[in-house]
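In order of appearance the chains are A, B, C and D, and numbering begins at 1 in each one.
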Amino acid sequence: MLDELYQEIILDHYRHPRGRGELEPPKITQEGFNPSCGDEVIIDLRVEDGRISDIRFHGRGCSISQASASMLVEAVKGKTLEEAHQLIEQTLALVKGEVEADYAVHGDLVALAGVRNFPVRVKCATLAWHTLEEALKQASAEAVQET
Amino acid sequence: MMTTRFTLDAREIRQQFPFFQPHPEMRNLIYLDNAATTQKPYAVIEAVSNFWAYHNANVHRGGHGVGAKASELYEAARGRVARFINARETAEIVFTRGTTESINLVASSWGETFVQPGDELIVTEMEHHANLLPWMRLAEKRGARLVVWHITDSGTLELDQLRKLLSERTRLVAVSHISNVLGVINPVAEICRMAHEAGALCLVDAAQSIAHMPVDVQAIDCDFLAFSGHKAYGPTGIGVLYAKRALLEEMPPYHVGGGMVQTVRWDRLRWAEPPAKFEAGTPPIGEAVGLHAALDFIDSIGREAIAAYEHELTEYALARLQEVPGLRLYGPREGRTGIFAFTLEDIHPHDIATVLDSRDIAVRAGLHCAHPLSERLGGPTARASLAIYNDTDHIDALIDALHYTRKVFGYAG
Amino acid sequence: MMTTRFTLDAREIRQQFPFFQPHPEMRNLIYLDNAATTQKPYAVIEAVSNFWAYHNANVHRGGHGVGAKASELYEAARGRVARFINARETAEIVFTRGTTESINLVASSWGETFVQPGDELIVTEMEHHANLLPWMRLAEKRGARLVVWHITDSGTLELDQLRKLLSERTRLVAVSHISNVLGVINPVAEICRMAHEAGALCLVDAAQSIAHMPVDVQAIDCDFLAFSGHKAYGPTGIGVLYAKRALLEEMPPYHVGGGMVQTVRWDRLRWAEPPAKFEAGTPPIGEAVGLHAALDFIDSIGREAIAAYEHELTEYALARLQEVPGLRLYGPREGRTGIFAFTLEDIHPHDIATVLDSRDIAVRAGLHCAHPLSERLGGPTARASLAIYNDTDHIDALIDALHYTRKVFGYAG
Amino acid sequence: MLDELYQEIILDHYRHPRGRGELEPPKITQEGFNPSCGDEVIIDLRVEDGRISDIRFHGRGCSISQASASMLVEAVKGKTLEEAHQLIEQTLALVKGEVEADYAVHGDLVALAGVRNFPVRVKCATLAWHTLEEALKQASAEAVQET
């Protein structure tokens, strides 16, 4: 069970996070925080032509929360807002065990399914994804204002 | 015999309560003090014991599986309460120690923030101190005015009267769903509607209704609702404050401490979201598990069925109480539940209770934590109050014992 | 082996706890999260069940024998607490939900009455939110100043530092008896003496000491002392506020409602005497009975004996923790109890806790409701904390699992 | 058990209280109140030459509290303060079951021993006696002031 959680892929993302850093303005910034453990994920992103043209994260926390953020950045870069929404839903369902883990569907993200056996860690795995959700709300609100 | 029309078998229900089983060292009591607290079914006692034995851990803080399980059980209890009273979401359920704390929380957090000098708070004359003193104190603290909605001589509230009391200065109407003395069921949905039309909020004290009839916060449309676990077959140490989400959002925290903050810096605090915002410190975890089991117990019988049976029993009791010479019963004849406050000749209520106690019948005597109402009624009363495990045998025993009481005090049979 | 010098047989004590008995559906856990909450002995669980089954009634209100018995049990619990902490009289014991509520009560009732603008409140940097946020909020409400007594780098408090902070504007010093993170035992008697010399009061948060060493309010000479039942082998839903009688006399009530008033007229209230004055509504009756049994359990082992054994175990653990490469332990080496906050290499504390959990060892990870302290220590920590049922086998398993954790995260053995 | 409580003598004092009423000033007045049930006993008394020269009670409440007050008035009238103190102690001990009921010692007051079997009623029986205790404290304080 533990091996499922701390797979090579999680530890690799934790040790060598992809897209860690901040963006220069203009950007959308969203902070995510888990008060019970102090995990923190801040997502910076930029939307151009309805696509996430650039995205970075920073913050601090456990391997699960940070690896999850790293995988997220890798997965959503270049995606349309609609695609990103779908990916969030898919991943939350995966993490919560509502769907089977399937490499064909989820790619590397299947690694996150390992938290299912550790209920206290589900919040760590979902933090980045909930934060992205909020960031996308900001993006939609800005898009509405511009039109 | 009348017994045939009764829709429930209370003897069978008593089988589910250790309190009513023969015990070598205990008296076998006819328990008619249910408005003070109800007895507890095995299911509740065992749920609590089981929690202590196998699932005990603190909640909401990261670490280990047993803690996750305890959190899950605690939140499941919250979900159960939300379904029980038909709240829109579980975040509208705040766990407290009981009705008294729930109402104090509202008076302190909402009241001291939103009630301004010159504002008015309407309370009814029949309120229990728990739904009276917090408003008296709030009025004094904030320079607001306490407006008393008096009862009629038959012990009811008149909506016309409320119409006259409501004004644009009214901030809140505080009313009990069922009076713990008069047994009267108040038209709380109507009261809430009128309060809202006047731009005021409405708090419903459901301490006496929660275990005896369906209570639906959306149908009532109250802004706040409070009740205690221990009057609903659950343990002490737990109660509920229901409040509409928007109110909980704008209200400041009550107790402050662990679990209700997101960040604490020396110069900056960020509160957690409701309901956590209002639950500082280790909550009553085992007690929430017990309350969950209690609500399951109630629904296993069905609240419609409970209300129907207790109504039948109430009718039976009302008829039989009339047979006792010199007995004066308070509260209305109709629209009421099985809470019977009465006096008997000039025999002091305490003396009545003592004579009944000597006959193994438990009733309560005194002012029932409702001094202004008791004052209005002319002093202390004796009170017998029913629950789902009572039956006509209990009423019959009560009537016999009241006749006997008269004899002890020298009144002719 | 070292085992020979241990003065207690923890295996025998574990026999008194259902949580540690083999159970077909439960994992057999090594429970090292005792600073969050302790497990409950059979004696406590049965005392509570027994109360619900046979003695359940509401307290303090006239009527019947079973109510008198419930009141007697409730007041006996109060007397038991008074003896346990050596209070001068039972009236100095107020029952609350827990430490958090006890301290909120003081901050609200005493604080909002007696703290004036410009006054100073001293809190230590190591306080749990429960003994921090109430004072931050009070300071803000009353225009008083919060003065932080910082810790040394080794995690202790220096009295010289306090001397500099105390002034004639100081109203209160709030300090924990034992830190829930550092495990350090603070010199509370000395701190109270210094506070008193400066004309200030002293509140001691005994949440982490009450079950682990003798606590004597007269010897400490604190003005207020707070603790929770659930960290002392008792149920949730009950805690204690000890306060000197004279303070309780002059403090206004906290919650208002039934049971804490003598007379209620529309124009006049007369409060009851302490402790009733501070216990509005139905109190946690079953929980008080459980606390009574918990204190009996503790004294059946003896607090001196508990302190001695836990000290031995602490020494053993300190020695063994040093064997783990990359482990950094917080708090002092001496003058401490069995609460061990640590980090391990750059492995995040939550990951440590999860690996330990997979090995059936329960520890906690995070900020431990002490954010300012955690900030000072550099972030979250993992925390293992001992109770009377732990033994060297548990420590050994912990050490093994920490080595394993390093391996999982790719550190060389 | 019930017979022991509601004896002829209690009911007689309840129905025909001795010394019910108020005194004209100068007097000492002491109010006693039992908040849980509302029993009320107010004692008026006058002390002359160290003796309770006159005493009355009024108030309202159950048969036990009022009969007890009536018996008290009858028993302490004319007694010295010292004797009254002793009588209070004796009677409280009797009511609480700390001593045997003995007609030779307690006289009519033995009737109060009946409450022992009804713990909730002990407070009713003792109310008047605690109230007298407080009244005597006032008397002593006044005596001190006068000297």
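Criterion: a residue touches a chain if its C-beta (ideal position, glycine included) is under 8 Å from a C-beta of that chain, and two chains touch if they have at least 3 such contacts.
Everything quoted here is computed from the prediction, not taken from an experiment.
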item	value
Each chain counted as touching chain C and chain D at once	B
Contact-richer chain pair [A-B vs B-D]	B-D
For chain B paired with chain C, centre-to-centre distance based on mean C-alpha positions, whole Å	32
Approximate Å spacing (C-alpha centroids) for the pair chain A, chain B	46
Whole-Å gap between the CA centroids of chain A and chain D	78
Centre-of-Cα separation between chain D and chain B, whole angstrom	38
Junction residues of chain C, two or more chains touched	61-65, 67, 261, 263, 350, 353, 357, 365-366
Interface hub residues of chain D, defined as touching at least two other chains	36-37, 118, 120
Chain B residues within the chain D interface of the complex	347-351, 353-355, 357-358, 365-367, 374, 379-380, 408-410
List of chain B residues in touch with chain C within their complex	18-19, 23, 26-27, 29, 31, 33, 36-37, 39-40, 44-45, 48-49, 52-54, 56-58, 61-67, 97-101, 103-104, 128-130, 132-134, 136-137, 146, 148, 228, 230, 235-238, 255-259, 261, 263-266, 269, 280-287, 350, 353, 356-357, 361-366, 368-369, 371-372, 375
Chain D residues touching chain C - in the complex, by the definition given at the top	33, 35-37, 118-120
Chain C-touching residues of chain A, taken from the complex the two chains share	1-2, 5-6, 11, 36-39, 60-64, 118, 120-121, 124
Complex contacts: residues of chain C adjacent to chain D	60-65, 67-69, 72, 261-263, 272
